Structure formats: C-alpha cells, structure tokens
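Each in structure tokens, the structures are laid out below.
The two complexes that follow have chain A in common; it is paired with chain B in the first and with chain C in the second.
Right, the complex of A and B next:
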C-alpha cells in the first residue's frame, strides 16, 4: 500500500458517483475530440504554401467561369511565375453517392504551382504526357483501391460529352501524395485539354486560376493588377491568397471555429461545475478521516497532494477514455465522409491540447477540496461525532 | 533511561479559548510530570478539559502559554509540519469511535502510520502482522471495519497505534462505546502493552472501572488535578 492506493480507494469509495463523474468528463472529451476532428477537416489547406499562392476566381463567385484567354493574360503580369488554371469536374464513380472530387487541370503548370504534391518521377512524366491520364491523390486511391495502370470510368454530374455520354474513360497514370500531410489528397486531376475538347457545352473556360509569384512580398500588388486587368469586363475577377480563398469556401458552412469554441466551452463549463462541486462534497464527507490521517502524522501538504491527485486521476480516466472514443469515432466518420471532408481525424496537437485540458480540469476541480482538506483542524473535526 | 525518568513535563501550562468577547480558561498555570512507563487514567466531568489535555500532550493542539516537554524537548513551539513528524514518531492515538478508514482492510489501516516511515514493503508487512497478532486480530487482517464488531475495531485501532512503536499511547475514552466485557478485554490489552512493552499510556475515561486498570488516576476539575490514591 502507498499514497496512490489511498487516492484510488478514495476516488472509488462511492462507485456510482465516481462512474457518473467519469462519464460526464468522458462526454465532454468525446465532444471535444469529435468537434476537433471536424475542425481539422474544415481548416485543411489554410496553412503553408497556401499563404503564398494566389487564386483568381470570378468576382461573382467561384462557380461562375472565367474565359480561357485569362490564362495567357495573367501570365503577362509582372512578377507572375506560374499560372495554373483548373475547372470543376464534379465526378462520381459508378454510383452518384460515390462522390469523387475531381478537377480538370493543365498538368504541367498545376504540378509546378503545387510543389507540395509528391510524384514518382516516371509517373509524373506519364501523367503529363498521356491525354487520357489521371493523377489520383493517395487518400482517394486508398478509398477505392485504385492502382496505377487501371482504367476507370468517371461520371460527371455537371458536364456532358458531344456524344451525349457523361462518362470519361481515364487511365490512372500517377498516384500522388502530399509532402507533409497538410493538404488533402482526396481528389484526382485529369487533363484539361482532353476534358475541354470533348465537352458539349461550356468549353474554353476555367473556374479558378492558381498563381505563384517570383516574390511573395509583391503578392498584394500582383493581385491588384490582375483584378484591374479585367475590371469592367463581363468577367471581373477577385484575386486573393489561396488560404483566404479556402477559408472563404469553408465559411459557406458557417463560422465553424466560433461554433466549436462555444460548444466546447459550454461542455467544459458544465463539467467544471459538476465535478468541482462533487469533489468539494466528497472531500467534506471525509473530514473526519482526513483529521485521523493528520493525527497519525500525515502532513498538510501531503494531504493536499493526495486530494489533488484524486481529482487529476478522475479527470484523466474520464478524459482519456473520451478522447480514445473520439479518435475511434473520427476514424469511422473519416471512412464515411472521405469524399467530402479530407482527413477527418485527430492530430497530435488535438491530443496534447486535450491532455492539457485534463490537467487543467483536474487542478481546477481539485484545488479547492485539496485546500479544504489541508486546512482540516484535527481537534475540531474529531470533536464532532 | 530508567522507569521513573519523566517522559512529559508540563510547565506553567495554560489553555484558553476565546469565544466572541468571552474568554474561557481550561487550564491555568498547570504543572505536571508524567513518567516513562506510567499508565494514567484521567477522569473528570464533561467539559473539564480532558480531551484538550490529550491534544496538548499529543502535539495536536498548542497551549496558550507555558511549555510541554517530551523527553526534555519542547514540543509546544514546533511548526505544524514538525509536529506531524513528531506525532508519527512518538505518539499512538486511540479514539472512542475507533476512526478506522472504512475503505481499507484491517491490515491496511494498521499499515497507515508506516507509510510515514522509510520501511520497506516487506518490513511493513511483518510489522503489521505482529501488531495485529499482539491485539489478537491476526485472523482478521483482510476484514474491513464494517465487517468487525466495535471491540474488534478498537483492537485494530490499537494495533494501528502501536505499529510504529511509539513511546506513548494517548487514548480518549477507548472503551466509551463498548460493553463491560469487551471493555475489560481492551483494558487488559492496554495493561499488557504497558507492562510488557513499556508503553506509557494516558487514557481519558468516565468509567471508574476502566480507570482502575491504570496505575495512576488523576481527576481533572476546574483546571486542577487531584491525585487519587490507589487502593
């Protein structure tokens, strides 16, 4: 037996109470983990290179197309390095619910503009060379079990070919990954040329144009010049950083960050009050026992620590189980939502933050009862029978 | 140290409580010596200050003025932390209502004071076993207090009080909650600890029959002691 035995025995003295407290803590951390995973999915692609790249879209909104000629004209703006135009393809595989995020791109410029995409050299060349080639992101390839060399029919729910068909036969020539895991890889790219030539309607237009510059400190000037170039034309543009564009895109779903903060905040405020008051009550019930321990020679600091450890233990048992369940649930959700939300999962940052929350919860709910326990006066506590 | 050297010396001891504007004096200028190996019964009316005196002797409470010397060293001016260590090393406490931890077994209850020592787990186990055997509770080591009778609980409490081998046992009405027969058994155990193991015992009691087991009886009244000659 040691102090830890006493801590554990005290925590589980009233089993039902301990279990209920743990469940409430567990739920708070489950909510935290699930919402954190969701936030990760929504905030992907707003870091790193996305801060430096520019994106030009139609000023009305990004679903309205830009003329083909803008590609060449933007290239003329001073300081622009690479111009990589792209169009939504809006594909699905076999069944309409098997949504496949897909873009028609100009392979050479796109790969140049997105250096974080990692290709095997031979696959990269094959993709650029082959008209009917597609490059598939690792996450998407895993989801459908696609391999290089396979031929897949990709259906579009937006476009139609001149022969009336909505199926594009694509050869998987490359599977790419993301260098450091900060960008989603749950999409595929096909050749803009192949796509454009086969179209029945809507030819010679793009939905967005990604731009890299020679010097990122010039980005403000360059975006202004691009937008001025097309001012008063039928298709005016709006040029921002890719990060801002991605964030604006996600804003469609509401201010996720703010909602999450409020929900998590409410969950933790509730938990703090429930656990805090219960701990105070639980320790008050033990005033007499604490007085006995002190009589035997347990010092006040030692008793303080024991009560604090009890609160920390409670917080960690509930918290770790909750976080574990959240990670499992996120994994399940990730498989179900793979086509829509990239990498719905918990990061190490989430886990460490959660552990910091557990420590904070334990300390905050433990400090008052620990203080009370430390200050128990033996003669008073033993005097009341 | 021979059997009549002083274990405790109380010098000019006063204890007062202030309740609002009122000051209640429990003792005033009390002098007293307790010898090593003594077994003292302290009697006196309710509210006369018996528990207060035990608390002063046990380093739980501090006097308003005066000195408490234990083996020639003052303990009344020690810090709370030092007093806690002093209690762990020198005094064993026995209460009227046993005060065992309900979640711990008898053996674990007895082991509690040893958590404050540097003894190994094995040495602690041996000590606990011996202490329980001395009080005749060797068979009940794995029982919880709720599974024991009052007398058995008090035996476990006595084992807890002696396990760290303190010099003095301080008992506040140790038989106050027990029937005559059980009380006598407990008192005989205390006598044994006094006679065989040389423990100095100071016991508060209301019960003259209990007091008669002691070597010395002191009556506390209005802050003064009257020694009662033994028959």
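Right, the complex of A and C next:
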C-alpha cells in the first residue's frame, strides 16, 4: 500500500461525506464555468480583427445617422483600404417579438472588411449580384430554420416604405459562418441599395462605417484624419477601433463583470467554508490513527503532504466534473439563446483559471488540517481515552 | 411524547455552541445563497418599480402602428392635428386639449461610476408635457423657456451622470445647453431623462415638424376606448393607442425576466451546494452525539423525538442563515443606484429594492435547504442502535 492508496482510502472512508463535499465543489465550478462562458459571449467582438478595424459613427451618438457622401470621402483618406457602410434595419420576422438583428450593407465592401465571415464561393457571388438577396448567419438560419433559396418578408420596426409597407421581401441567397467560432453569426445582411430606394424617410444615410486600413500601425492617424475631415459640419464623426466601440456599447448595460464577480465570489466563499471546516473535522477524527502512523515511522512532513493531497484530490474530482458539466451546459444554453447572444463556450483561459482555483481551493482547505495532523503528538493522542 | 420531544430538542439546540464550527458554516453558506437570490430579486424589482411606476392609467400614448418603442415611432404634424380633436381627452382650465407631442433623441452622458459615456434620452415635450406625469415636481430652479437651449434634468440623471448641476453649461450633440432646473417624477423612468421644449429638439436635430409620440390625458381611464375607436375609424391615422401603464409594462418585461431567469437558477444551484454542506453538518452533529442519543434510547426515549430534534436543529440553523442573508443584502444593496440600457436604447436609472416579499421567498428557500439537508441525518438519529452506547 503506497501513499496514494492511503490518501484515496482516507478521502472515501466516509463515502457519503466525500460525495456531498464533491457536490458542493462541483456546483461552485459549474457556476464559475457557466458565468465565465456567458461573460465570453458579452465580450465577444472585442478581440481579434476588431482590434484592427475602425468604426466611424456620428459623434452625437451612434443612433444618429451619417450622410451618404461620407462613404466616398473616407475612401480618399490616405491609408484606407476598404470602407463598408451599414444601417440598422431593426428587423423582425412575422411577430414583433421575433427580433432579427439585421443591417443594410453594401455587400462587396462589407465582405471585404469582414474577412472572418466564411461564404461558399457561389453563394457569395449570388449575394453580391442579387439586389433582393440577403445573407444570413448560420446561428440565425438555424434559429428560424431558413435555407438558401427561401423568400421571406422581413419587417422593420424603424423604417417605412413610400407605399406605407414595412416589409421588405428578401431572397436568402447565402448562409455564412465564421472562420473560427469567435465571431457572432446571429445576424442578417441585406442590400443597402434595395433598402434605400423605397424608404419614406431617412434616405441616403448610414449608421456606421467600418474601415480597414493598409497598415494597422497607422490607425491612430487615420482615425484622427477622418474626424478632422468632418469637424464643424452638422454631422461630426467619432472614429475608434471596433473593439473599443463594442466594449463601450456593452458597458452601457451596466457593470456585468462586477455582478458576475460577486456571484462567483459568493459561490466560492460557500464551498471554502464548507470544505474547510469539514476537512478540519475529518482530520480531528483521525488524530489517533495519525499517531499510530507516526509510531509506525511516518515522518511529519509525509503526513502533512498526505493530508494536503487528500484536500487537493477532493477539490480536483469535484472541480473537474463541475467544469465538464459547465462546458456541456454552456453548449446547450448557447444553442437555446442563439437569437439573443452570439454563440459562446468555455475558452482555454477559463479552463486554466478554473484549474488554478482548484489548486488554490485544495491548498487553502488542506493547509490547516495538514498542519494539525503534522503536529499530532503520539503520547497525547494515544493517551486519550 | 411531547415532553420527550421538547426535552431532546432543547438539549440539541443548547449543545449547538459545542459544534459551532460546522453550525456557523451552515448558517453562513445558506446566508450566501439567500444573499445571491435576494440580490438578483432586488435588481429585478427595483427596475420593475421604476419602469412600472412611470405608467399611468389615465394617460394614453400613441405610436405609429408596429413601432413597439417610442424611438422607432414617427407621427406627422397632420396626424397630431387630428388627435387634438379626438374624444376622451381632458381639457385644461383654458379649454385646450391636454396632449403633449414628444420627440426624444439620444445624447451622450458620462457615467460617474465608470467615467464612460452612456446613452441619455433628451426629450422635447409640448407645453402640457408635465401634466402627463402626475408626480412631476420641479425640485430646483425653473422650467425651460420655449425656444431657448435650456434643459431641466431628472434627479436620477444628476445622481448618476456628471456635469448636470443647476446652472451648468452642457454640450450635447453639436450644441451648448444650460441646465435651468431639476425635476422629479417620484423615481420613475422619466427621472432618467433630460427635458427641453419640443420645437428646440426638432430644430437642432433637423427633425422638421414630425414627432415620435403623442401623449394625452384622458377624462377617465375608460375613455381610452372612445379614443381608440376614433383612431381606428380615421383612415388618415395609422396609430397604436395604449394606456401608458400597458406601454411601460410591455417594455419592462424583457429586462426583468432576464434578471430573474439568471437569478433563480443561480440561487438554486448554490442552494444545492449549500444543501450538501448542511447535510454534512447535520451528519457530523448526529455523529458527535451518537453516544448521547443511544443513552437516551436506553433510558426509554423513543426514536421520534430524536428525529424531530435533529430536524428542528437543521431548520433553525437554516432560518438564521436566511435571516442573516436577507439582512446583509438589505444593508448592502437596498437603495443602491444603478443604471442599464432600457428598451428605448437609453439609460434607465433605478434603485435596488429588497422587498418584504423577496425576503419571505429567500427565507423559505433557506428553510427548504434546512429541511432537505436535515432529513436523512435526522432519520439516522432516530435509528441509532442501543448498542451504540459503547461507541467511543
């Protein structure tokens, strides 16, 4: 019998107690994993290509439109590669509750500015060519069961056509995905020209313009030059990186990060107390056994290590199961919430942080009982009745 | 039997201090569960109170059909004229119909807490605008002068955002404004807004003569039917008529549901974790008293009193946990001001509200945890064999 067996036997000597503790730990890591995955969904679009792409919006606020002419004028700024303008469409499908995130874009420039969107070549060309075509993200297509070739009426809760109608008839010509699962695909794009020509009000304007540059180190200069171009005009602009723009928008919902931290903190405080006191108690119960082990020649450091390993083992079994369940649950929740949030899941960073937490939990809950165990005095312990 | 039960229960409760470590853990872990639940509930009910409180039954709001939200709505000057003569609308002492054409645009404010920009509603209203908000009260300064770039700001705006003190000059969009007054509508959503005259907003934001919504004070809550009938029978009007209360109830739903859908599952998950803890603690408690309980059995006590005593101990600990959690949440969160993006795409400032109803629910959850956590260990207490007297 080696030390590992002894540690395992000790841990499970009261099977029910061990299982209960593992459930507590499992729950804490489940919560940690789920909330971590959710936070990923919110912070999506603040990394990767978004760091390099610029976004120009109206300086008053991004809900205020920019004139059509800005498209051409920004194109002339030195170092600008592509300029992709877009408008909110405010779409819904059949019922106002079925919100469809949708933008009116210039297809060619938009696809060029967002290389992370993956199209089948024939569908890409069909989308660019067809005036009434729409390209639908994979997540959105799955949500409504849309397929290529279908014709759908998309209602707008913002815009009206000259004939009073609020529905635009769209042909689904393409379904796009993203290259590596880090970008949302829960939206729809339609042709700006098709959208614009029949508008009753608000014609020839954009809500935002995405810009890619030849050399990303020039981004600061280019942002400044664009904003200077329109300074003192009725529609002044504000140009930032897309990442900064997205982060500022998420910030508007409130300090989500702080709330998640509080909840995770509460969950860990709970298990820390439960596991900590139980471990102390479990070791106290074994005082006499430890004295026997010492009599048999187990050194104090060896006993210290064994108790510590026991706490670590407990923490890892509960923690890893919890983390696994969280990964599964996040996948399920992500599918269920496809319409509201971009797809989300656990990242390697989440997993590694969780493992660090498991080590910390094991050490914190194990150190006091291990210390107690190490200092057991044979004469006193065996002298006890 | 009753005497036995009471005796054993008291014995049990009095010995809690001997096991204070595990007992305290149980109390605190349950307190944390209840704290998380009440925190979310306080957020949801605070938000709901703010948005619902804005809606009045005797004010009708009219939006373009299908617009759903004020921001997306658009009503022309001609349509407003038709509404001025609609039935069911109360009249001012001077005999004018009490209606207010309104238009809001989004302006950036700087949040005090995070120093980041956030959307604020800059609302232009008609002369009778304040009459549509029954609790409107000018707290400081005076009302704006029609035609000048003057603002009155809601109390919540002043609290959460920087630079809106009385007399301050503020830059919104491309224009400079002066804050001339501060108003309150009793903590409703309107307190998160900045008001000025309708014509000024139409001018400075190039909106021509169109507005987004028309609000009308009704002669009585039932008069909305007459108004609705008039609008439906008038072919030149394509409008949705709603009582303001119904409008706000519809727009509050999404956010409060989201908070509750997040709060309850989290609290239940944590409750399961705490349940495991409570179960463990009760097991330890029963284990520690094995000899004592067996002795009681030996001198003629039944198993049932031992069961009840253990259950009472578990539930009492859980009850205290629930109470500690509720009180802590109340001290920490009640009244805390926060703001989030509302359905109008602008910030809504609200205060966390720990309601008695939520406290009751929290304590009930705690006691359920105590009951379930105590049950199996209590069964064990009831079944301790007599021979356990010899246990060490």
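Here is the rule we use: the second predicted complex is superposed on the first by the 305 of 385 C-alpha atoms of A that agree within 3 Å, B and C clash if a C-alpha of one lies under 4 Å from a C-alpha of the other, contacts with A are read in each partner's own complex, and residues count from 1 in each chain.
Heads up, the rule we're going with is that a contact is a pair of C-beta atoms (placed from the backbone, for glycine too) under 8 Å apart; a residue touches a chain by one contact, two chains touch by 3 or more.
The model shown is predicted, which means the values in this text are computed figures rather than measured ones.
Visitor: When the two structures are laid over each other on chain A, which of chain B and chain C touches more residues of chain A?
Guide: Here the partner covering more residues of chain A is C.
Visitor: First (chain B), second (chain C), both or neither: which does A:158 touch?
Guide: It touches chain C, and chain B stays clear.
Visitor: Look at A:383 in the shared chain and tell me whether it touches chain B only, chain C only, both, or neither; answer first, second, both or neither.
Guide: first
Visitor: Mind working out whether A:20 is in touch with chain B, chain C, both or neither, as first, second, both or neither?
Guide: second
Visitor: Quick one: classify A:295 as touching chain B (first), chain C (second), both or neither.
Guide: In the superposition, A:295 touches chain B alone.
Visitor: Figure out whether A:30 sits in contact with chain B (first) or chain C (second), or with both, or with neither.
Guide: second
Visitor: Quick one: classify A:9 as touching chain B (first), chain C (second), both or neither.
Guide: first
Visitor: Using the touch rule from the top, collect the residues of chain A that touch chain C in their complex.
Guide: 16-17, 20-21, 23-24, 26-28, 30-31, 59-61, 63-64, 90, 96, 155, 157-158, 160, 164, 166, 201, 234, 236, 248, 251-255, 262-263, 266-267, 269-271, 273-274, 276-278, 280-281
Visitor: Using the touch definition up top, name the residues of chain B that touch chain A in the complex.
Guide: 51-52, 55, 58, 60-61, 80-81, 84-89, 93, 95, 97, 99, 101-104, 108, 111-113, 115-116, 160
Visitor: Residue numbers of chain C touching chain A in their complex, please.
Guide: 21-22, 25, 28-29, 32-33, 35-36, 39, 64, 66-69, 71-72, 74, 105-108, 113-114, 116-119, 172-174, 205-206, 238, 266, 269-270, 272-274, 276-277, 279-280, 283-284, 338-341, 345, 347
Visitor: Any idea which chain A residues touch chain B in the complex?
Guide: Residue list for chain A touching chain B: 1-3, 5-6, 9-10, 13, 288-289, 292-301, 378-379, 382-383, 385.
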